[in-house]
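These notes open a run of structures that come right after.
You will see subunit A twice below: alongside subunit B first, and alongside subunit C after that.
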Partner chain A sequence: MRNLPTIELINVTKTFNEGRVLAVDNISLKIEDSNYVFLLGPTGCGKTTTLRMIAGLEKPTKGTVVIDGKDVEEIPTEDRDMGFIFQHFEIFDHLTVWENVTFGLEMRGYEENYIIEKAENALRTVELLDYADEFPSIFGNPGMQKLGIARAIATGAKILIMDEPLGSLDPKVSKVFRHELRNLIKDLGLTAIHVTHNQEEAMAIADKIIIMRAGRILQMGTPYELYENPNSIFVANFLGETNFLQGFVLKILDNEEMSIWIRLGGPKLNCNNFGNKFNLDDHIVISFRFEDVYLFPKDYEFESSPYDWSKIQLFNAKLETSRFIGATKRFYLTLDNGDKFLSIKPGTFEESFTAGEELIIGIHQDDIHVFKAPKNLIYELSLS
Partner chain B sequence: MIGETLKRKNLNVEIKWEEIQLPLSLKIEKFFSKPIYRKSLDSITIVFFVLVIIGPIINIFSTIFLNIPSISEDVFNDDLIGNLQWLNILNSLGVSFSIAAIAVAVDLVIAFPISIILTRYNFRGKKILDALVDLPMAVPTSALGFSVLLYWGIFGVEPGYTLIILGHIVFTFPYIVRNMKIVLEKADVLYEDAARTLGAPGITIFRTITLPMMKEGVIAGAILAFTRSLGETGATIIMAGLVETAPILIVGFRRQLELPSASFLAGILISISLILLFSMKFFTRKVGFPVKRVWPNIERFFSHKYFRYFRDALMMIILISIFLIPSFFILSQIFEGDLIGELFLGQDYKWVYLYASFLSSIEIGALAVAINLIFGLPFAFIITKRKWGKVITFLDTMLDIPIAIPSAALGFAIFLFWGPAGLGLFQPGFFMILFVHVSFSFPYMVRPIIGVLESANIGVEEAARTLGASNLTVFRKITLPNIKQGIITGSIMVFTRSLGETGATIVVMGSIRTIPVLIVDWVEANAFPSAIFASTLVILFSAILIFALRTVRKRKR
Partner chain C sequence: MVKINLDNVSKSYKKFNALDHISLEIKDKEYFIILGPTGAGKTTLLKIIAGLIKPDSGKVLFDSKDVTNNTSGERNLGFMFENYALFPHMNIVENISYSGRVHARDTRNTKTLVDQVLMMTLLTGRDDAMPEELSGGMRQRVALCRALLNLEQTKLLILDEPLKALDAGLRMSLRRELLLMAKSKELELTVVHVTNEQEEAMMVADRIAIINQGKVIQVGTPNEVYYHPKNLFVANFMSEINYFDGICKKEEIPTWDILKESKRGDKFYAEIHKVSIPIPVDIGMENLFAAYIPKDRIGEIQNGDKVLLVIRSNHMKIRLGNRVQQKRNAILGKIHRRKFMGVFYRFEVKLNVKNQEKIIIVTIPATSEIHHTFLENLEVTVYFPKELGILFKHPGENVIKEVLKLE
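Let's turn to the complex of A and B:
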């Protein structure tokens, strides 16, 4: 393997307005070579600031940025040899497409032949070679971003930094575009950092996701790890569609299991208590994905099914209404105590329940995540 | 396997671009992009700003303070004339302020309908009318004043108080209309449409919806016009007869070398202008217009379209007969009198003076543009890019001082600071004129550049840096092409202001003459045909400049 640059942040803090605004709060992370890493988080969580510090466009207030084993504090942006792709493209509109792409190559003082070869390659990669002599104003947003990508990769920089690169494209275009972007990055073998607030985009193409919130890193891991094992209410809520119910710890069964009681006459469930994190009577929040909720008719004969039901938690709920939305069907359910939750099934799901019907609900014990209830629960669930 | 690794290593070596020789220009730019050079340039710019603009003004106050005995002797207790000097000063201040107030009031009444006609109406010839209204701003005021003098001479108006007012309303008018037009163009017509759908008649809409949106432009324009009228010298000398305004008095004191009196009056004028400037900065937002009450029936009656037609027609007649024709009346006089005999065949070689002063005017204007460009660009960058908090607010306010204070007073302040009475580095003459012109036109260069810098996209500069361009390279290849319009606008404004200035020039000129001063001299010496010829020359020259300026603006859109 080639040794590609690694990026490391060590205890980096960034404040604005003479310390009054804390944008990034003492974060550390390491990005290894040939990884496509996402910084994911809601608006204002410090992800863009983090990115700009890596690129040298902002100076950390505290801490060090290490690129390729070197502390880059004294190295200005222009000497860091990175490609940067902007949300609003930032194409030089007074220069032609060709001059835009050769800009970075000329700044590096390459020979003319080399510049021509590299620029042609880059433009061919994004299929803009035919427009080389035009001014970029002829492009719409997708064309502009293609040019932005060509301009960033033409220099041959091995680190690619992207700040909401798909944020200015309309959703349909961006869904196609993101796979092309991933293929390109993998073909060129780049180390890439991609900032976005769009969790679907991150889940679709990331090697690794770093979830940020209020200037801190909440969790990092592969999309699968984060989806299956969110470490906080926020992460559970941010990735995918999730039900949240409140309750109390009723009984600690053994080191790995406990029994909980959904509040005010709700059902009692068994959950995992790995590492014995919870105590008796703790106020807790459980989360489970919409798609992990199984629905059975009232008269379903569990005994006749060959399935192992030992870890499935079963309880009753009333079906309020169901909605067919093309690819999926949504079932709106209510517990005896009035708490509401949702189940989602493929559009082809055949069972036809009627509104008002009592159903039996099944959730696998491993799909239920338990968190301590924070004081500001409503705020936590609002994704802010 | 090992070979494969080596080959890949070689590939890596190929992309180590630090080892490649950069072209010389990039190398130089990279070298000078180091923070230390940026900091030195910032410091040099600030030092320039302090020496040229703030220094002389502080100096004039300290001079007054240090010379209280001689001032009180000269101004208040002269052996021969007692406190006559003080009475003169008081009288001239009264004249100057009443003229400025009346001129601005008249301008305001006419500027409201005219600015609305120029922004909200569409008619053939609108662009030409617009250009004609703007033109007096670029024409040297002494040429303009001379034209006004000749025009009203037909109707028997003698030089004096009334003629000064008639002259001042002409050359301050564009400042007010321009500022009103800018805010009107920015104000959204949709609000007015909304008011119309709710049943408001035209006058009510103007008073309650449009006027509050125009507020800042109206106040800024009025104060600018007021200070310009207060500081005007060239045209006023021509039109004044025996009346003395404050700037004329300063020029007179300076000619008779009564420096204590001159510095006392200059100090008073500067203080008043500064107070006006600061009150504009701080109170513009707090002033309210009467919008609470409406009188539906009366306002509906007067909003009738016949009233509107009548008003528009009346305003156009006034505009043409009091503003436009007087401004350009002089062009019709070019063939009156014995021009050839006086200008070319006379014993005193007037055409040589004309040629020489035209040349000095253009030289001074061009050098003022160059110097202001060198220091104005970094200054605009300091104002827009540096995060120095209160220091920036301070510099930003100080920047407007040369616009606000009468140029004769500023010229005198610089004469005191740099001339023989102060540091003694300059003698009155070419370089001192240049110095003064650089000083009072500095904001005209910096303001447009700040304007384009503030609206310029910082993102493209960052993009260029991530592609490996050093700060100076970014400036040359990305920033400069984007702010070109502002630089050209600023340069033309500086040039026209320098070309038209009289008061400040007279104070520091020594034996050199510029075109406006020459016009004043010739009018005073009754050499009318030559003065008319010189005036026509500068009016045409300014018309070309204004035309160039408008083309630049148009391309921006």
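Let's turn to the complex of A and C:
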């Protein structure tokens, strides 16, 4: 059984310019073996610095990096069993595909038979063996990245370090190739750490996502965990599309569900599991996903429908417009007080609503998250 | 009024044909999107419209007047290109209001307009910031503000990937704002907007021109290019697709009534029935499959012809267990991989067609039920409504390979 490495960061801090710039601020994390992990965050959040410390390209100012149970402070990059894939490939274009893969093996002084076996296997794995004698310039970007992976696995890398590997790809190509990239790395059983600022890419590929902001880790977990239970306005906003409405705590109920009543501009909402986090009159922000907003015509007969509506919060809103964008259809809605929010449905959703129509909106209690209102919500939601 | 006509426009660089006999009409007050992959010729086309490049041959007409030889300044338009530049010594407000046109206005009006565009782009309160203090996304928003403010005299806005470097959430809301602004009663702009993102095109366009290798492949509304793509390239460019090789069985009576409309009489499917004709297709399964083809393309396919049956991944449906007998256009398979992606769950389903293994992609809205019960290795039935199957005359293996290759 192959023993694959785990990676651990313990209280790691990194400063630049003699302490004047704090890039990474006392973070701890653990990456399990064979996991495809993303470091995700906006520009300047410290994700690339974190990646470079794992790779040994930067030394932590404080704290420890542990790989496979060993403190790697004294282990240089080339001895950490890592392969590197960057946005701008670092493929030698004056060497053939074959030479690009064998180059690293020759540098390490392996025997010829061993080199041939390793290079053949690696190129076959990424389906580039037929192009062994060609120069890499015949490839598009995905071919280049696959060659990078072949080079990494030929040298026995157990960990792939990737910094925006899909960053230079055409959006259409990137949307297709990202699934191929994930499948390839999962099939190889590699541990992969992938840095990006692109949340869709992270959601589509990751086993686990670590969300960073201003040098700190805000939240980590599977895409499902983060998407369903964001721990902050930032995370709720950064992953997926989310409505935010401001309101006040109207009533705190002393019941099992620890529910609170919230007054928005017009409607009142009942939310569960928040009773112990807020006080009466607290200024709060509620969030709910676009796709979690149900739409009903004004005359919908809830009594005669077979569903259980007890946990669905219903309120009135006006439909401004809708827009078909392919896989989804977007509905733009307004509350009585002018607050705007959105609902999305599958593109084939049958809708007989017209612009300007009054609708009934439904949101399941469990789909509503409540946060303390920040000083400036607009600023909090503006990320790039 | 600004109506634009391109009449047989060609442009080549050395031996490379950037644009190959392009003819287009962009209507007055239309939000027109030019969509295509990198290197398709989109930016060259836009620069020819803006008067920054002269075509080798062909004509550019603004409101039926030949402007092919007029400079950009003479054409009276506002534009923002990908390589915008901000003045490094000016703050945000100075940068966006730097223009003879803006200065000529009364200052109160200018101030209101500046505040408006700053609010729209979430830059309110950063008036005094210098370009070097801003992130890439912020600088891009400033450049966009500047293009918008230059619009006073003109009704034509030219945009080259205006939202490219922005974070996903902000990009979505700005697309909406751009569209609202273009359509506002005060402005009523004609917009020509280049992008390589299908979603952006669908979000804002009245009509989309899909360009590839210097040629116009299809022009139509978002609905038309999505549901009635003209060929495999367009079908594939608009979203992830699945395809099957098949044979047209026009003359054969299918084992199920393909003409029948759904019981619910849904508006959406009824629309497709109105403009399309059903065709039975043999894809090598026990039962015949069926898909619709637009009436104007019916002559393309004869009985016995090889065809390509295309289904978008988000039009595939999936049920646990073997339901092949109960469903139409259904195949039995096994969940090979699954991935939660947020709004959607994406499944790779392994199935057997003509005794060959085939992977079909199914994307469906993610619910907790799907998350907890549709697990890898389970047996599933995948199927699709016949109205959402897209039929082409088989273009040949080489074309399929060329269209689907990743570059």
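Just so we're on the same page, the second predicted complex is superposed on the first by the 361 of 384 C-alpha atoms of A that agree within 3 Å, B and C clash if a C-alpha of one lies under 4 Å from a C-alpha of the other, contacts with A are read in each partner's own complex, and residues count from 1 in each chain.
Note that a residue touches a chain if its C-beta (ideal position, glycine included) is under 8 Å from a C-beta of that chain, and two chains touch if they have at least 3 such contacts.
Note that the structure is predicted; figures quoted are calculated from it, not measured.
On the superposed subunit A, the two partners subunit B and subunit C both fit, without a clash. One of subunit B and subunit C touches more residues of subunit A, and that partner is C. Shared-chain residue A:H88: touches subunit B; no touch with subunit C.
Residue contacts after overlaying the shared chain place A:T348 against subunit C, while subunit B stays out of touching range. Once the two complexes are overlaid on the shared chain, A:N141 sits against subunit C while remaining clear of subunit B. Of the two partner chains, neither subunit B nor subunit C is touched by A:I252. Applying the stated contact rule after C-alpha superposition, one finds that A:L29 touches neither subunit B nor subunit C. In the superposition on chain A, A:L129 makes contact with neither subunit B nor subunit C. By the document's definition of touching, of the two partners only subunit B reaches A:R108; subunit C does not. Judged by the touch definition given at the top, the superposed model places A:I312 against neither subunit B nor subunit C. Closest contact between subunit B and subunit C, by C-alpha atoms in the overlaid model: 8 Å.
Comparing the two complexes, no residue of subunit A contacts subunit B in one case and subunit C in the other. Of all the residues in subunit A, the ones that touch subunit C in their complex are 42-44, 139-143, 170-173, 175-177, 179-180, 182-183, 186, 197-200, 203-205, 222-224, 227, 237-241, 289-291, 323-328, 332, 344, 346-348, 350, 352, 378-379, 381-384.
Listing the residues of subunit A that touch subunit B in their complex gives 2, 55-57, 76-84, 86, 88, 90-92, 94, 103-104, 107-110, 151-152, 155-156, 158, 161.
Residues 37-38, 122, 124-125, 135-138, 165-170, 172, 176, 196-199, 202-203, 222-223, 226, 237-240, 266-268, 312, 314-315, 337, 339-344, 346, 348, 363, 365, 371, 388, 405-407 of subunit C are the ones that touch subunit A when the two sit in their complex. Taken together, the subunit B residues at the contact with subunit A in this complex read 8, 12, 15, 17-18, 20-23, 26, 30, 33, 457, 459-460, 462-470, 473, 477-478, 481-482.
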